[in-house]
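In structure tokens below, several structures.
Two complexes are shown next, each including chain A; its partner changes from chain B in the first to chain C in the second.
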Partner chain A sequence: MRALLVVAAIAALVALPSVVSPYYVTVILPAVAYAIALLGFNLLFGYTGLLSFGHALFVAIGGYSAAVLSAKLGVKSFELVLLISAAVSVLVAIPVALLSVRYVRIFFGILTLAFGMLFHSFLFKFYDLTGGDTGLRVLRPSLFGREFADMDKTTFLVGPFYYYCVALLVVLGFIMWRIVHSPFGLHLMAAREHPRKAEYLGVRVRFVRFLAFLVSAFYCAIGGVILAINTGQADPELAYWTHSGDLVFMTVLGGFASFFGPIVGAFSFVALKGELMGLTGYWRFVLGVVLVIMVVLFPRGLVGVGQQVWAKVRPR
Partner chain B sequence: MSVLLETSGVRKAYGEFVALDEVSLTVSDGEVLSIVGPNGAGKSTLVNVLTGLLKPTLGTVRFKGHDIAGVGPVMLARRGMARAFQLVHIFPALTVGETIAVAAISQTGRARRVFSSVMKDAELADRVREVAAIFGLDGKLATQSQFLSQGEKKLLDIASAFALKPEVILLDEPTSGVSSADKHGIMRTLMEASKRAGVKAIILVEHDMDLVAEYSSRIVALQGGRVLADRAPRDFFNDPEIVAAIVGKMGPRHVRAA
Partner chain C sequence: MTAFLDVLIGGVFHAAVLFLVAAGLQLVFGVQKIVNLACGSFYALGAYFGISAVKWAIAAGMPPGLFIFVLIVAGLALAVIGPVIEALLRTVYRRDEAFQLLLTFALVLMFQDILRFFWGANPQELGDLVMSYGKLSAGGVQVPTYNVLVIVASIAIAVGIGAFLQRTRFGRILRATAENREMSQALGVNVTWINAAVFTLGTVLGTVGGALVVPTAAASLDMPVELVVEAFAVVVIGGLGSMRGALTGALIVGIMRALAIRYYAELEMLAIYIVVIAILIARPAGLHGKPIE
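Now for the complex of A and B:
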């Protein structure tokens, strides 16, 4: 059943550009980026039990790396931009993780929040490097060496770039699926459930938390690269703490207890936000109300709701 | 009979307060060593020193020739010593099978595998079933731990420690929270399991003197942080002074009709 849903979801994503307007595809493209970022974010949150309020930091590093690489260093290849940006993100994550994984719960959350805000102010202060509040331009990359120079920006984004990103989501999703079902993944969950007991069963609790943190930074940077290429801009908003909050929101909305929850959360959030912004200027207020309702009534998120409904209606 | 675990001249002080002093003891192959003593005698501190959680202020702790003073739980598990706690420690959201697999993964050096599947690992599954069967949990491998009965949780807690294939296992009041009628049942299961799992020595911390008398091969009595006696059960219970000092202080319900 789950496999069927996954195949159907991939088919729907592939079919999307031929069904809806190009404008709507550009609205959905960030959801693909967020889905990738949240796969990593939830390895840390759902599987390891560490809730970060600063992961926009790594999304922003992805975006700014893409900007520096494409606009300043002349790197065209999307593959190279992805790899280097993710590597930079992991490098930055090493000291942050080393400090943060010594703590759990609110202390971990506050520490990651602090690192996120630190980076946000860095983006403002170092104008020459980061472009300050205007940010940096991100140029269109080549895909597998092809430049698609004959296409205008939108055609490129909703065409080859969109399919490339969907393929990335599928591949990175598959890799994450393998990670959470591996011996390492089980040790992560043991560390979440009862760290002391886990240690006595030979789980290197801090080390597995540290690795999970680095993997999450890798995935968030990939998401950040896609976001920045989509808007053609890397700006400090990417690193702002409300953006970190959005990551948490999306994950809770979809359901952090489920592997697919964050992906469902990313698409629901982006679609919901798109609709609400067209309707009212108070869209953040409405989103907040939705979050309260989810947390109080459906703590397992949209995926949890789906599972409950399916349990009632399924043929026996 | 080779010595597995050995402390020599161990002292643990917290500022002015001396919790342990001059504690020297050995645990050898084939032994069931009970550690007894009234509350505040230093049992918990000794257990934490023996399992590498606390570093003694003075003295040495050696396990199979390795210094394990303060090495921490992970290294301890790798060296071949396991510990089960007095309070039940489980992973509520993990299944029985997964819980045992956590230890089996550590023991078989699989912890670095990031892409291989736990579910499809036949060798791991065999190890998990084998350990679960010893404790009668093989019918509940797919049950989430939080839905087990209290007794089953206790068994799972201990079973997961056994999955480390330890040479020495430290059981901290394994029968606490279990009705007195079931205590012997649990102890027999533990003794049997130890044999089947190849455990060479057991360290038992126990308040119930009936169980101590029945299952130990040697008893170490602590009082005020020092070793008061280190004897075979018969010598221990036949010495009125020792019985008065240790058993007497532990309350009338612990006194064994001698």
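Now for the complex of A and C:
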């Protein structure tokens, strides 16, 4: 059943550009980016039980790396940009993770928030290096060495770039599926459920948390690169703490207790936000109300609701 | 020397306001174990509401000199939102921190638009009303009298809260509840009522802080999200849940910020976060916090 749903979802994503207008594809493209970022984020939040309120830091590193690589260093290849940005992100994550994984619960959240805001004020204040509040331009990359120079920006984004990102989501999603179902994934869950018992059974709790942190930084940077290429801009807002809050929001909206929850959350959040922004200037208020309803009434998220409904209507 | 005094007074003024918000954050964390991201929103609400109240009072014929009292009353009047929001938060007391944080994050989002709905997107200010109090000068430094009044008011509130927590029966019950909720409940403390009261008190500290700061700075929609990170820095430096920590933390953050603004503006927030991270590494529980497991 689940496999069927996954195949259907991938088919729907692939078919999307031929069904809806290019405008909607540009609306959905960030959702693909967030879905990738959240796959990593949820390894830390859902599977390891560490709530970070600063992971926008790594999304921003992805975005800014893409900007520096494409606009300043002239790196054209998307593959290279992805790899280098993710590597930079992991490098930054090493000291951050080493310090953060010493704590759990609210202290972990606050420490990551502090790191995120540290990076934000760096981006914001060091104008010469980072462009300050206007940020940096991100140029269009080449895919597998092809330039697509004959296409205008939108055609490129909703065409080859979109398919490339969907493929990335599928591949990275598969890798994450393998990660959470590996012994390493079990170690993470054991460390979440009962750290002391897990330690006693031979799980190196801090070490596996550290690794999970690095993996999440890798995924978030990939998401950040896609986001920045989509908007053509990397700006400090990417690193702001409310953006980290959005990441948590999306994960809880979809359901952090399930593997596919964050992906569902990313798509529903982006679609919801897009719709609301078209409907009313007060979309933040409505988003807030939605979040309250989810947190209070449906803590298992949309996927949890779906599972409950399915359990009721399922043919026995 | 003059420059030093200038920085010191500027820093202490900022610290006085930060202390109020951070004290609210600490009270709520101490008793309810919730880190309230919306504390900045209460602060901004106090600021906007304060402006409206003063404008209305002056239009009604109040002598402008009384505006500080109007601000305080406006801040206090906003206590009405405390119990309402507490009733919402009540639903997640027994849940994971993630949900608690997210619920207050939802409040931040909602307040952002509530403020915009009532007061519009443009920054609001009170003009040069502050100057009607004149300036004090000492040691070659000139300070607006109003700033000194705010510092005094904040100290008075700090002393008041300290006496309230240490000396009164209600304060003792409150501290006992913070220490051990189940035991206090077993001994007959009405924890539901304590929660509502504490949250309302925390809210009022934020709204009064916002109302008091507004004659010196414009109220804008960036206020809530920006203040949160500063207030967070304060409580982390001081130690989560500790009132003395709020005081020390506010002084450190306020003075650091004043120093940075004067000597190297690029470092403003950066310097604060570096202190925060250094403290979290060296003393994870903060300067006055209880050790964490």
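Simple rule for what comes next: the second predicted complex is superposed on the first by the 316 of 316 C-alpha atoms of A that agree within 3 Å, B and C clash if a C-alpha of one lies under 4 Å from a C-alpha of the other, contacts with A are read in each partner's own complex, and residues count from 1 in each chain.
One rule holds for everything that comes next: contacts are C-beta pairs under 8 Å (C-beta built on N, C-alpha and C of every residue); 3 or more make two chains touch, one makes a residue touch a chain.
No experiment lies behind these values; they were computed from the predicted model shown.
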Chain touching more of chain A, residue-wise (chain B, chain C): C
Which superposed partner A:V14 touches (first chain B, second chain C, both, neither): neither
Touching partner for A:A198 - first (chain B), second (chain C), both, neither: first
Partner chain(s) touched by A:K125 [first = chain B, second = chain C, both, neither]: second
Touching partner for A:L143 - first (chain B), second (chain C), both, neither: neither
First, second, both or neither for A:F184, with chain B first and chain C second: first
Chain C contact footprint on chain A (complex, rising order): 45, 51, 53, 99, 102-103, 105-107, 109-111, 113-115, 117-118, 121-122, 124-126, 240-242, 245, 248-249, 252, 256, 281-285, 287-289, 291-292, 295-296, 299
Interfacial residue positions of chain B with respect to chain A in the complex: 72-74, 76-78, 82-83, 85, 89-94, 98-99, 101-103, 105-107, 110-119, 121, 124, 157, 160-161, 163-164
Chain B-touching residues of chain A, taken from the complex the two chains share: 175, 178-179, 181-187, 189-190, 193-194, 196-205, 208
Complex contact set, residues of chain C against chain A: 35, 37, 88, 91-92, 95, 97-99, 101-103, 105-110, 112-114, 116-117, 225, 228-229, 232-233, 236, 240, 265-270, 273-274, 276-277, 280-281, 284, 292
